[in-house]
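Encoded as structure tokens, the structure appears first; notes follow it.
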Amino acid sequence: MISDPDVVGLLYLVAIVCFIFALRFLSSPKHARKGNWVGGAGMVIAIATTLALDGIGNWALIIAGGVIGSVIGIIGARTVKMTAMPQMVALFNGVGGGAAALVALAEFHVAGGDLGGEEIVSTVLSALIGSVSFAGSMVAFAKLQEWLSGRPIVFTGQNVFNVGILLGAVALGVALVAGVDEQWVLIALIALALLFGVLFVLPIGGADMPVVISLLNAFTGLAASATGFVLDSLMLIVAGMLVGASGMLLTLLMARAMNRSIANVLFGAFGQVQTGAGGTRVDDGRTVRATSPEDVAVQLSFARKVVVVPGYGLAVAQAQHDVRQLAELLEEKGVDVAYAIHPVAGRMPGHMNVLLAEANVPYDQLKEMDEINPDFPQTDVALVIGANDVVNPAARSDPASPIYGMPILDVDKAASVIVMKRSMAPGFAGIDNELFLEPQTTMLFGNAKDSIVKLIAAVKAS
Amino acid sequence: MISDPDVVGLLYLVAIVCFIFALRFLSSPKHARKGNWVGGAGMVIAIATTLALDGIGNWALIIAGGVIGSVIGIIGARTVKMTAMPQMVALFNGVGGGAAALVALAEFHVAGGDLGGEEIVSTVLSALIGSVSFAGSMVAFAKLQEWLSGRPIVFTGQNVFNVGILLGAVALGVALVAGVDEQWVLIALIALALLFGVLFVLPIGGADMPVVISLLNAFTGLAASATGFVLDSLMLIVAGMLVGASGMLLTLLMARAMNRSIANVLFGAFGQVQTGAGGTRVDDGRTVRATSPEDVAVQLSFARKVVVVPGYGLAVAQAQHDVRQLAELLEEKGVDVAYAIHPVAGRMPGHMNVLLAEANVPYDQLKEMDEINPDFPQTDVALVIGANDVVNPAARSDPASPIYGMPILDVDKAASVIVMKRSMAPGFAGIDNELFLEPQTTMLFGNAKDSIVKLIAAVKAS
Amino acid sequence: MRPRESAPGEHRVALTPEAAAKLRASGFDVVVERGAGVLAGFPDEQYAESGVALADQASLLEGAEAVVRVAKPSAEEVGALPAGVVLIGFLEPLTDTDGIARLREHGVVAFAMESIPRITRAQSMDALSSQATIAGYKAVLLAADRSPKLFPMLMTAAGTVAPARVLVLGAGVAGLQAIATARRLGAVVSAFDVRPAVAEQVQSLGATFLDLGVRGEETEGGYARELTSEQQAEQQRALEERLPTFDVVITTAAVPGRPAPKLIPAASVDAMRPGSVVVDLAAETGGNCELTEPGREIAHAGVTIVGLTNVAALMASDASRLYARNVVTLLEHLAPEGTLALDFEDEITAGACVAGAPTAGKGEA
Amino acid sequence: MRPRESAPGEHRVALTPEAAAKLRASGFDVVVERGAGVLAGFPDEQYAESGVALADQASLLEGAEAVVRVAKPSAEEVGALPAGVVLIGFLEPLTDTDGIARLREHGVVAFAMESIPRITRAQSMDALSSQATIAGYKAVLLAADRSPKLFPMLMTAAGTVAPARVLVLGAGVAGLQAIATARRLGAVVSAFDVRPAVAEQVQSLGATFLDLGVRGEETEGGYARELTSEQQAEQQRALEERLPTFDVVITTAAVPGRPAPKLIPAASVDAMRPGSVVVDLAAETGGNCELTEPGREIAHAGVTIVGLTNVAALMASDASRLYARNVVTLLEHLAPEGTLALDFEDEITAGACVAGAPTAGKGEA
Amino acid sequence: MTDISLVVELTVLVLAIFLGFEVIAKVPTMLHTPLMSGTNFIHGIVVVGAIIVLGFADDGFTKAVGVVAMVLASANVVGGWFVTDRMLEMFKRRPEGRE
Amino acid sequence: MTDISLVVELTVLVLAIFLGFEVIAKVPTMLHTPLMSGTNFIHGIVVVGAIIVLGFADDGFTKAVGVVAMVLASANVVGGWFVTDRMLEMFKRRPEGRE
């Protein structure tokens, strides 16, 4: 039993420091795992300290609740497939938000509604935000788990309706702050917040879910921080707010990486019921997925084997020197890099050779088509730079295509394909390329030179 | 008059936020000036709030003190030459430390020595650290101002003596914490701390002063933070500690930029009385100054005209592609870049042409010696990459030199010369190069390719 | 059985030992004329090593189902061909109508390498491209060898050597390769072509596109359409102004089936600096320069004008290698698994056949 | 007054119009033989334009104080020289002892461009370097023109052309330039030299240094010392093994005053692949290849051996430009402000003077 | 529980906000999801709130609410940690297997 | 003055330490001196301490000490700010003059 509040405060401070280090580490590829462990240590300290507080009782209930929750957590986290990870994050985020709301409710109940100004504001915020986070996360989970349709679900007047509900919840909150001390008011507020959470997330399409989950994650952080105000706990305030702030920034970064504004993600569905949100959707429902230099950089840095496939676009962009620099950088990191030269890449025989020789790419890194094609299934990343026709699978599969019969580079056999070009425009043969729609393909749009320069910077940073 | 402590706290919080932003801005070349202004705003808010506190009296004294101090500050800062800036920083840092020590003394006096555990510890720390900072800064100032010899001042037994003094001061501090409430003890402690400050800085050579000043600056921050504990002021704690922490990191960074450890800087003088500290010193007292890629990057980024002088070392390092990339980067930033090609640079006629053509440097950026030499006086930075003999002023000035009579590139006429090579080793002609000792020259040691790659990264970051 | 025979006055050979071996592996019987590859650097032993039968001219054609060669056969040689045999080579279908008629009369099923349609699938049979690649490279070597100036810029203790200024007219396959090669040597290269798409391609090789204010059109096959006479005059005028600033001019402009467009009239040559060099790769079809004498190298007012024809044949070894690969791919197309199975519904077979196709004249111009 | 006269059988000229103008500006009177520059691309009009007097051979030497030329004068020409005149040119002081003796007897004060000491200050007079630069470049063009293989690697629809493998033996001024030029053309280049410092220089051009296990020494002037006979045998052995892997060999190995070291015996040539090319820049002093016939180009077992001498003269225009700049700098050194003031205490003047120096024989080898 | 004044809490809050922003300012996109998951785990700290509420609960309502909160919060903590850990497994350098 | 518990102050202190480190983690060397000067100005905040001591001083000793502290601290604030400002003038892009 610890009775000295200073000791408790110090132990909590240690936990805070752990959380700060956890965040720092989590933002670097090298230390990320360590980050999770440090965070775990902080959590253990925080929980142990709390359990040791003077006067804590109801041990059976605490242990029962803890064990049940932990078992759910472990089973959920352990059994789920890697591809289902995002919905797990949503789920565990939601329950956190729910817990915050419930803690607020309990405190309100214990105090009989008779709370000071600071406390009541915090209680209302905690209940409101926590509930929205809980309900929103559950909807996100259901959508990702495909219990609900991933497509945006919208109805007319939704906009007005949602705002109405939110206003209602806020009005109840104001009433509570103003002195109303009826518990049902708080419960009603929670109910409205839950409804709002559901309605808020329903219209958002599946592709945008990660951004929404990140936002709800930040919300839960804020709710936890508000709980800290209710309980006068600096640790909760700090830890919750760290998550709140970094979660907000993260949400921004994620939206930016998708080239969208947050507003567009959250409210994009309204008014454009037909088109749907998320990426450029083609007829058969497959989407073209754009990526960012940073993402590609991490993929490249952690790859074992990268094959660079240069095409006419590389020549147009005159990015030969940059591509060699990128390759050298990767080799320094221990990545195995080769260049796959298609016999008709470019616009004249040997076009790629001229370019790459100018950039001093060693001849032995240049692989002929027949030599490299068997390697693609073992390739982690195929980096297609301004090539199009020479990697078009239609040449293999579509007898109606004008390029049918031309041998191509089998980049689609690589684990991941990154295509760098300026647009979805076709190449010399003037035909579309199915490769760009494959699930393993992501597009890095922009002039090849600019993109590679950005990539170099990002690889260095990662 | 503000009597609500919450309002005061909030206003102080605003000041804190200003200081945080000030630091953020100050660490980016683009926003640095804004940073100073934001910091100024925070200071005004903090001072105004304090003056408005309930119960503040002695207005005449406050105003008198403030005006006198301000006048000293303005005159000092305004009239001093740009080259004397470092000693001004030392001076103003010292007075800050002194102020912290005096505040501690006054608080001790007011309380009649009867302070709580936390307060007395803080008081002692504030007095101790503040005094060391004050005295040390004053010595640093005197050395830089050349009131004292810039050379390390050492005597035998200094080491033991210093430690003794510090231990004495600490012992007095412990006594105070232990309950001794005599004011003379604190005064004695301050006296010892002052003495220690003097002795601590005396042995350090002029070249290392910036690192020492940075350390003392961090000390003053710590002292201010300690004062915050004495006065129970979160703002002082935070602002002081921000400076303390960032100052410590800065000290580390500065030492690292000089390729020295802090310990080496601070205690380097002991035991090597003859050689002295700081840089590679040559016979006539001139030093070779090494620089860092980051420094060069900022110089290049803010230059109007940069002339690249390639030599044999560029060829050996095969850094031609990188140098072109660097040049392009600078041109994008609006810097005017040209290459000065000496007729016998390299090891065969046209060696530099072959290299730079391979890297696709446009022919019109290559300037012959006769064409570029008149431009050097208007050049902000001459970037000498692996060249040596062709920029050796001995060819102009020293009839005994084997290269006397060879026309050279007049890089020494440029405002700043940066020489990139691996060591101080001579070039083809086997002779030393006075250029490397000129005051406007700094050396960026290392393989030219590595150095340029680092430079590119640094230019992008700046 | 598909023997192969070499053309007189031609250094290249239509099958290299390596290519012959490849054919054998695909189920072909291959007979090669003795000494056919010597001039291209492939002595008979090498053929023997790759398991190819060698035969004298006399017995060569016995039982041959297909004959592959580089250049078109002479009248006599056509006479010696067995009727119904498949003939593959550069047959000049658009210009040598007599020769084609002769083949048709003789009952030869003739495939002209020139007539293979320029479709993606046929790229590996495209001998025009492969030989033009060699010609473009060689043209630069010819020019550099004849120029009294160095191509690269050199700044030396004895002064600065300015880089040579090279102009490439017609930036098709040969022109682009010439641009690339001249740039490699360090020259400052400009280029012009009438097809609009070429400007970007020129820039993609790091050279400058010279804007002469003349814009032509591109046909389906990627070739240029002939300019109108006003356009042509306009082009000559614009060029004449700029030519004196160049040290080397390499011309490759061609329009299939038409005489080479005259880009450089005699007057323009007079305006060029002494020591300048013109390499005219269009000499075969009359030359892009008025003064070009096909097959010869002349000097005019200090300007060297190289009108060598068949420039690719000057690099017989690599040229043969590429040509042989083209021929092998075509043969494998015409005779999958080594057995002739001509499918005249097929775009390539129909397009390349210039004589002897079932619907007479189908493959003709 | 310093007239200049051209050497027979030599395309270069010792003063270009530009250089002549520069001399005039420095206070010299310049007379040029009519037609001297024509072969180098500098017609008489250009000289006239730069204000230079032209004279026939007959009146050329009247009142001349100095005569500049490219090659050494014949016996008759020496006879025609006024006594006491200053003569500048490639006089072959180390090998042509008779010629030097003749000059000395005739009372000519002769400066050999070859003997200018290789000190930093004299770099802009160093005609050996400037001409070797041209020769190194030209050697690659000669080789590329004669090779039946393309230098660069090309991956095309008709298969891949492997890059040519080039070996440069002797990486002095000419050798380094040859390395650079061959690399520009896309060849894979290796090089060897006996001087230890050269390895780094070769790598600084992106080529590979071939380690033959032979390490020679460098003299003060930066030249190589002759190898011992064991070393030489060792070198031949090591080379013989490696030569067959190369398509082109360019040799420039030389030791001043000695016959060129024999690096490639006849047997090694036999081992090379047919179609290979050897360009022997050391032909003048006997050649680095045993089979080299100085001044001629021969074929031996399918290997072309180019033994052309005076290769720099093949690029007469740029070669003359650089040589003229060297000559002008030397003249300005010997005659500051246009007045001869020979200072035999000076390292350059004393070093370059091969006949007629006050202390007889001082400047001799 | 110590009683801390609002303004102090706000000061702490503001510092935490800045720190939250600064600390992740330069995270590579590839780490976005693991970072989200990691922070998700950290806000499981609300479990401390649940323990306090439940530990000091007297009446049935509070206990009931507290137990539910306890279950939810521990699921957040434990599940969040393990999910993050699994995600980060991918970041072991150059993985041998790949799906 | 509110009376704040030590542990709270320590919490704030720790947050400030992290923030101080994070915020300048990637400063280019060229800005080291101006940054040093800027932080030098910020610790002039001790002037607040001087004002409080002096403003509440009753006896002569305290007043005397307070006035001196006031003088020193204001010199720190004012001088520190102006010195920093002058240094940063150099960072105006591409200066016209140069010494």
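To keep things simple, chains are lettered A, B, C, D, E and F as they appear, and every chain counts its residues starting from 1.
To be clear about the criterion, a residue touches a chain if its C-beta (ideal position, glycine included) is under 8 Å from a C-beta of that chain, and two chains touch if they have at least 3 such contacts.
Keep in mind that this is a model prediction, so the values were computed, not measured.
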- Note on the structure: Chains adjacent to subunit E and to subunit F under the stated definition are A, B
- Query: What is the graph distance from subunit D to subunit E, where chains are linked when they touch?
  - Reply: 2
- Message: Same residues or different residues where subunit A meets subunit B? The copies count as same if more than half of the interface numbers are shared.
- Response: same
- Query: Measuring centre to centre with C-alpha atoms, which chain is farthest from subunit B?
  - Reply: C
- Query: What's the chain with its C-alpha centre farthest out from subunit D?
  - Reply: E
- Query: Looking at A-E and B-E, which one has the bigger number of contacting C-beta pairs?
  - Reply: A-E
- CA centroid of subunit A to CA centroid of subunit D, Å: 68
- Task: Provide the C-alpha centroid distance between subunit C and subunit E, rounded to the nearest whole angstrom.
- Result: 72
- Length of the line joining the C-alpha centres of subunit A and subunit C, rounded to whole Å: 56
- Taking each chain's mean CA coordinate, subunit A and subunit F are separated, in whole Å, by 40
- Residues of subunit B that touch two or more other chains sit at 5, 9, 20, 234, 238, 318, 343-344, 349-350, 354, 357-358, 360
- Task: Could you list the positions in subunit C whose residues touch two or more of the other chains?
- Result: 123-124, 129-130, 133, 152, 154, 156-159, 161, 184, 186, 206
- Flagged in subunit E as touching 2+ other chains are 2, 4-8, 11-12, 15-16, 18-19, 23
- Just spell out which pairs of chains touch, all of them. A-B, A-C, A-D, A-E, A-F, B-C, B-D, B-E, B-F, C-D, E-F
- Would you pull the subunit B residues touching subunit A in the complex into a rising list? 318, 321-322, 324-325, 358-360, 457, 460
- In the complex of these two chains, what residues of subunit B are touching subunit D? 312, 315-316, 318, 343-344, 346-351, 354, 357-358, 389, 395, 402-406, 429
- Note on the structure: Per the touch rule above, subunit E residues touching subunit B in the complex are 5-8, 10-11, 14-15, 18
- Message: Using the touch definition from the top, list the residues of subunit C that touch subunit D in their complex.
- Response: 40-41, 43, 123-124, 126-127, 129-130, 133-134, 137, 141-142, 144-145, 147-150, 152, 154, 156-159, 161, 181, 184-186, 274-275, 302, 315-318, 321-323, 325-326
- The answer for subunit B against subunit F in the complex is residues 5, 9, 15, 19-20, 22-24, 26-29, 32-33, 35-36, 39-40, 42-43, 46-47, 50-51, 53, 55-58, 61-62, 64-70, 72-74, 76-78, 80, 82, 85-86, 88-89, 91-93, 95-96, 98-100, 102-103, 105-107, 109-110, 118, 210, 213-214, 217, 220-221, 223-225, 227-247, 249-250, 253-254, 257, 291-292, 294-295, 297-299, 302-304, 334, 380, 415, 458, 461-462
